[in-house]
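The two complexes that follow have chain A in common; it is paired with chain B in the first and with chain C in the second.
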Partner chain A sequence: MDIFVSAGNYLHDLFISRFSAHPLYITLSLLIMLLCVIGIAEVLFYILIRRATEFYQLKRDADLKERIITMLANILVFHDSDDPGLVVSHFIPRFAKLPLYRSSIRRILVSELISNHRNFSGRTAQVLTELYMQLKLDKRARKNLHSPHWYKQIEAIRELTEMNVKDECDRILKYTNHRQPQLRIEAQIAFVKLCVDNPFRFLDIVKEPVLDWHQLILFEVITKTETMARPRFAFWLNSENDSVVSFCLKLIEYYQQFDALPNLIYLINHHNLTIRATAIEILGRMEAEMAESHLVAAFTNQPTKIKVKILNTLGLIASGGCLAFLNSHAKNKEFPVRMAAIRAIKAHRQSGRELLDTLFNEAIAQDKAIIKHVLDERIKV
Partner chain B sequence: MAKVLVIEDEELMIKALEFRLKKDGYDVQLARDGAQGIEILDNNTFDLVITDIMMPFVSGLEVVSYIKSHPIMKDTPVIVLSSIGLERVVMEAFELGVDDFITKPFNLGELVIRVKKFVRQRDVFN
Partner chain C sequence: MSTFESIVNNSIFFYALLLILSVVTIVFISSFEINKYLRTNSYINYKELLVSPHAPSISVISPVFNIEEAVVNHVRALFALQYNNFEIIIVNDGSTDNTLEKLKEFYQLENVNFAVYEQLKTQAVHSYYKSKNPAFAKLTVIDKAFGGKPDALNAGLNTSEKELTLCIEVDCFLDKNSLLKLVKPFLENKKRVIAAGTAVHVANSSGRNKGHLLNAKFPGKLLPGLQALEYFKWFLIERLTSSSLNGAHVITGAAGLFDKEILIQSGGYSLKALKEGFELIVRMCRYMHDNGLQYRVVFIPDPLCWVEAPANLKALAKQRKQWAGGNSQIFWLNKDLFFNKNYGLLGLVHFPYWFLHEWITPFFKVITLFLLGALAVTGKINWEYLCILFLMIYFFAVLLSAISVLYEEKSYRQYSSSTDIFRIVALIFVAPVIYHPLTVYWKVMAYIRVKN
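Coming up: the complex of A and B.
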C-alpha cells in the first residue's frame, strides 16, 4: 500500500507541485509522457469495449441462429401436402420478427437457406426457395450482381443459382463472356443450371476461351444434371472459338450423338491441329465407317502426328475397306506412320493377320522387327 | 415406439430430421458427431440408425463399422446419408454392411418412407 502512496506523492510532486519549476525540455517531456499514457489507456479502453460488444453480438447472433434453425426446421416439416407458397405465408409473420435489417442476421439466414437447399430436394427445397423470395433476401444478391467487384458478382451468382432464382438469366448470360476467368466460369455454371430451356445458349456468345479446367467443371455439371435438355452439340462445331469446338467434341462423344458425324468429318481439315486430332480420334471411337474415305483423302497433306491419328482411327473402324491403303503405308518412310499402319492392319483381325503374314515374308529386317513387335500380344499399346 | 438414432453434424438437417421423425411418432435421439453417436449407442438400443458420412472426429463409416462388428448391435439397420460424388464411400459403406443409403440432396418424405420400411421389417422380424 505504501508503495502506491509514495508513487502517488511522487507523481503529484512531479506534475503539480514542481511542474512550473522544471526547465522547458523536462516540462515538454513530461507532457509527451502524459499524452502517451492517456493515449494507451484510451486504446486499451477502446479494445475492451470493442471485445465486449463483439462477444455480446456473437452471443446474440448464436442465439438468433439457434432460433432461425428451429424456425426453419419447423417450416420444413409443416404439412407435407401443402403448397410451399402457403406454408411459407403461414410462417412469414414469425420470420418478419427477426432483425433482418441487420446484415449479420440476414447472412446467417441466407447461409442456412443455401446450405440446406443443397441438402434437400423436392418440396423441402421448394419451401426454402419460397421463403428466400418472400423474405426478399434475393435483393442483396441482385444488387451485388451489378457490383463493379467480380468477387461480389461471383458471390451473388452462386447465391442466386443455389436458390434457383431463374429471372436473372439474361444478366448472368452477359458474364459468361467476361474477361475475368473465375467470374466467367461461375456464370457459365449458373447459366447451365438455371436456364433449363436453353442451357447452352452461352456457347453462342462466348468469345473468351473456355479453359481446360472450365471444360472439366462444366462437363461434370452437365453430365450430372439429369433433367437438363441436351441439344445437338454439332451446332457449335463451326464456332470461331476453338475452345467451344473442343468442348462440344467431348460432349458429342459422351452423348454418342451420331448425327454429328458429318460435322466431325468436316473437322478433319480444321485449322487447329488439336481439334483436328480430337475429331479424328472421336471418329474412330464412334466407329464412323462413313469417315474412312474422307480420312484417306485427307491423309497426304497432314503432319505426321495427324497421319498417325488417321491410321489409328482406321484401325478402330476396321471395316476392311482401307486395307489396301494401310498396306501402302506399311512401308512408309516415316517410322511412326509405318508403325501405326501395321497396328491398324493388325486391328482388322483375320484379314489383317493374313496381310501381315504376307508383308512379313516380303519385308526387310527392320520391317520384320516392327511386324513382330506389333504382333506380340504381350506388348500393350 | 420405435427408437431412432440420428447422427448428423449439420444443425438444421438434424433438427429437421428430429422434428419430422418425432411427428411420425418415433422416439428420436440425436448425436452431433460420430464419437457422440458411439457413446449413445453403447448405452442404448435402437431400431434404426441414420448417419451422415462426412463428420468431424469419427466419420459415419467408422460408426457403421462399429455397429456392424458389435455382437449385439450388428442387426440394427443403418441408413447412411451421403453427398453426391461420394459413390466410392457409399460402396465402402455397403461393404461394411450398411442397409441403405440416401444421396443429398434428398426428399425428407422419401427418407421417412425408408425409415418406416426398416422399422416395419424389424417389427416383423422380432
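Coming up: the complex of A and C.
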C-alpha cells in the first residue's frame, strides 16, 4: 500500500509540483508519455468493449433472426391463385408488431427479405417486394440514395436493386458516372438490372473509365441476365471512352454479333494498344475470315505484342489463305513471333502439319525445339 | 546538469520526437487507408472473377530445393488455389535429395520438349516435365542446376507465358483466395500496377494438414509471438501507408504478384541481392520512372500468406542480419535516388525515410547508449530525466503495437480466442524491452559487417 502511496506522491510531484521547473524537453516528454498511456488504455479498452458488444449483439440478433425467418417462411407458403397484394395484407399486421423503429431489427428483416428475394422468382419474389414496400422499408434506402456518403448510397442502391424497386432508375443513372469507383460500378450493375428496356443507356454518358475489374463484373451480370434487351454493341465502338469500347468488344464476342465485324476490322489500327489487341483477338475467336487480309496488311508496323496477337488470330481463323505468310514468319528473328507463327501453322491441321514437317527438316536446332514444343499436346498455352 | 549531458538528452529527445512525429503521420495515413480498404472491399464479391473468362492469366512460380518430404503437399496446396486461369511452375533448383523423384512419381511427370524464350540468363536447365495425367495439366516442372532462389525464379519466368507472375517461397501457406485477391489491384487501377504484395502472418502454432493451413492460432512461443506482433506493425501500418503513397515498399519474397513484362524488362531477379524482393521492386520502380511510365505498387492488407517464423535466436539473428545487409546493399546501389526529384516520391520521401528509419536510427540508438554509458561512468547523469526519456520511448512503442493490434482486431481478426488476445496484449508490453533492442543490435552488426 505504501508503494502505491509513494508512487502517487512521486507522480504528483513530477507532473504537478515540479512540472514548470523541468527543462522543455522533459516537459514535452512527460506530456507525450501521458498521451501514450491514455492511448494504450483507450485502445485496449476499445478492443475489450468491442468484443463484449459484438458477443451481446450476436446473441440478441440470433433470437430475432429466428423469429423473422419463421414469419417469412409462413408468408412464402401461398396458393398460386392468390393475389400477392392480398397475401401481404393478410400478414402485414404480424410484421407490423415487430419493433421496426429499431435499426437492428429493420436491418435483419431487410437482409432476410433480400436473401429470400434472391432465391425466389415470379410471384414469390413479387410478394416479398410488396411486403418490403408495404412495411415502408424502402424509405430508408431512398433517403440514403441522397446521402453525401458513397457507402450509404451503395447500400441503398444494392437494397433497391435486390428488392427490384425500379422507380429510382434515373437517380441511379446519375451515379453510373460517379468518380467513386465502387459507387459507379454498383450503380452500373443496378441500372443494368433495373432498367430492362434500355439497360445500356449508361454507356452513352459514362466519362469515367469502366475499369477492367468493373468490366469483368458487368460482363458476368449482363451475360447471366437472360431477360435483358441486347442492343447492337458496335454502336459504342466509336466511343471516346476507350474502356467503353473495350467492354463492348467483349459483349460483341459473347453475343457473336457478326454484323460488327467491319467495325472490329477498323479497330486493328486503333491508337490504344489494348483495344487493338482485344479487337484482333476477337476477330480470331469469331473466325472472321474477311479480316485476314487486313491483319496481314497491318502486321509489319505493329509492336511485337500485336504481331503475336495477329499470328494467333490467323491461327484461329485457319482458312489456309495465310499459310505462306505464316511460313515466312516461322523463321522471324523475334522468338515470340516465330513461336506464334508456328502455333498458327499447327492450327491449320493437316496442311499445317505438312508444312511443319517441311519446316522441321529445314530448321536449325532452336526452331526444331519450337516445333517440337508446339506439337507436344501436353504443353498447353 | 552539465552542458554535455544537456546536449545528449536534448538530442535523444528531439531525434525521438522526429521519429514519433513521422510514425504518427504514418499511423494516421494507415488508419485512413485501412478503413477505406475495408469499406470498399466489404462490397466486393470475388465470385465473378473466379468464373470470368477475362481474368488475367497467372504463373505461380515456386523454387524448391531439397524438400523431398514436403514437396508433394506443397504442390497439392498450389493446386487448391481458387482461380480459373493459372499455371504452376515448380523449379527444382539442383536438389540433391529425392525432391524431383517424388514429384515425378506422384504427379506422373514425363520429359517434354520445351522451347523457352530465354530472356533472363540462368544456370543450365536439364529438363522440363509435364504430367501425363490431364488433372495435373496446369503443372510444369523445371529441373535445373543449382543457382539459388533468384536464379530458379528467373528460370521460371523464362518458361512462363502468362501475364502475371506469383513468386512464392516453399515454406509459406497461401490462402486459397490469394490469387483472386492479389489480381484485383491489377484490374482496378487507372495506372499500370507492376506489383502487388500481401500481409504475411506467422503460422508457427497454427494447425496445418497437407500443405494447407487449417486454423489460425497466435504463436505460443515467445520469439514467434514477438515476430507476429512485429508483422502486424509492418504490414498494417507501414506498408499500407507506403502503398497509399505509391512507395516502392517491400513485396515479401513469400508471396508477391508481378507484372511479368515489367519484371523481365527490369532484368528479373538479381543473383547478388541479399533482399531480392525489395531490390527487385526498387529496380522495377526505377525502370518505370526511367521510361516515363506511370505505375503503382500495391499492398493489400488481407492476410493471404502464412509463414513459419524463426523459432530460436540463432535463426532469427541470421534472418535479420541478412535483411539488414540487404537494406544496406539496396541503399548503396541506389544512392543516386536520394533526394532525386526525377524519381518523384520514391527519391524525395520514401528512400530518405527508409534510410533514416532503417540505417541511421539503429546507429543513433547505439551511439546514444555509449554516450549515456560515458556519462554514467563520469557521474554526470540525471537518472530521473533519463528514465523519463526512456519511458516516453517505451510507451510510444507500446502504443504503436497496440494500434497495430487494433487494426488487426478491426479488420481480419485472425486470432479470436481470449487466450490469443491476452497473449498479444502481454507481448505488446514486453516487445520494446526484450525484442526491440535485439533487432537493433542485429541490424547494427549487419551494417558494420557489410561496411567492412
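In this text, the second predicted complex is superposed on the first by the 223 of 381 C-alpha atoms of A that agree within 3 Å, B and C clash if a C-alpha of one lies under 4 Å from a C-alpha of the other, contacts with A are read in each partner's own complex, and residues count from 1 in each chain.
Please note the rule applied: a residue touches a chain if its C-beta (ideal position, glycine included) is under 8 Å from a C-beta of that chain, and two chains touch if they have at least 3 such contacts.
Here the structure is a predicted model, which is why all the values come from computation and not from measurement.
Q: In the superposed arrangement, which partner chain does A:Leu131 touch: chain B (first), chain C (second), both, or neither?
A: Once the two structures are laid over each other on A, A:Leu131 reaches no partner at all.
Q: Could you tell me if A:Tyr25 is touching chain B, chain C, both of them or neither one (first, second, both, neither)?
A: second
Q: Touch test for A:Ala187: chain B only (first), chain C only (second), both, or neither?
A: In the superposed model, A:Ala187 contacts neither chain B nor chain C.
Q: Given the touch rule stated above, what does A:Ala369 touch, chain B (first), chain C (second), both, or neither?
A: second
Q: I'd like to know which partner A:Val244 touches here: chain B for first, chain C for second, both or neither.
A: neither
Q: Output check: A:Ser115 vs chain B and chain C. Expected answer is one of first, second, both, neither. What do you get?
A: first
Q: Of the two partner chains, chain B (first) and chain C (second), which one does A:Cys195 touch, if any: first, second, both, or neither?
A: It touches nothing on chain B or chain C.
Q: Looking at A:Asp212, would you say it contacts chain B, chain C, both, or neither? Reply first, second, both or neither.
A: second
Q: For the overlaid complexes, name the partner, chain B or chain C, with more touching residues on chain A.
A: C
Q: If we count contacts the way the header does, which residues on chain C are in touch with chain A in the complex?
A: Answer in residue numbers: 1, 6, 9-10, 13-14, 17, 20, 39-40, 43, 48-49, 51-52, 54-55, 110, 112-115, 117, 130-132, 137, 140, 161, 184, 186-190, 385, 388-389, 391-392, 395-396, 398-399, 402-403, 405-406, 409-410, 421, 425, 428.
Q: Show me the residue ranges of chain B that touch chain A in the complex, using the header's touch definition.
A: Interface residues on the chain B side: 10-13, 15-16, 18-20, 23, 84, 104-110.
Q: Show me the residue ranges of chain A that touch chain B in the complex, using the header's touch definition.
A: 69-70, 72-74, 76-77, 80, 112, 115-125, 224
Q: Considering only the defined contacts, which chain A positions touch chain C in the complex?
A: Per the touch definition, chain A meets chain C at residues 23, 25-26, 28-30, 32-33, 36-37, 39-40, 43-44, 46-47, 50-51, 151, 154, 158, 181-182, 186, 209, 211-217, 219-221, 250, 335-336, 339, 366, 369-370, 372-374, 376, 378-381.
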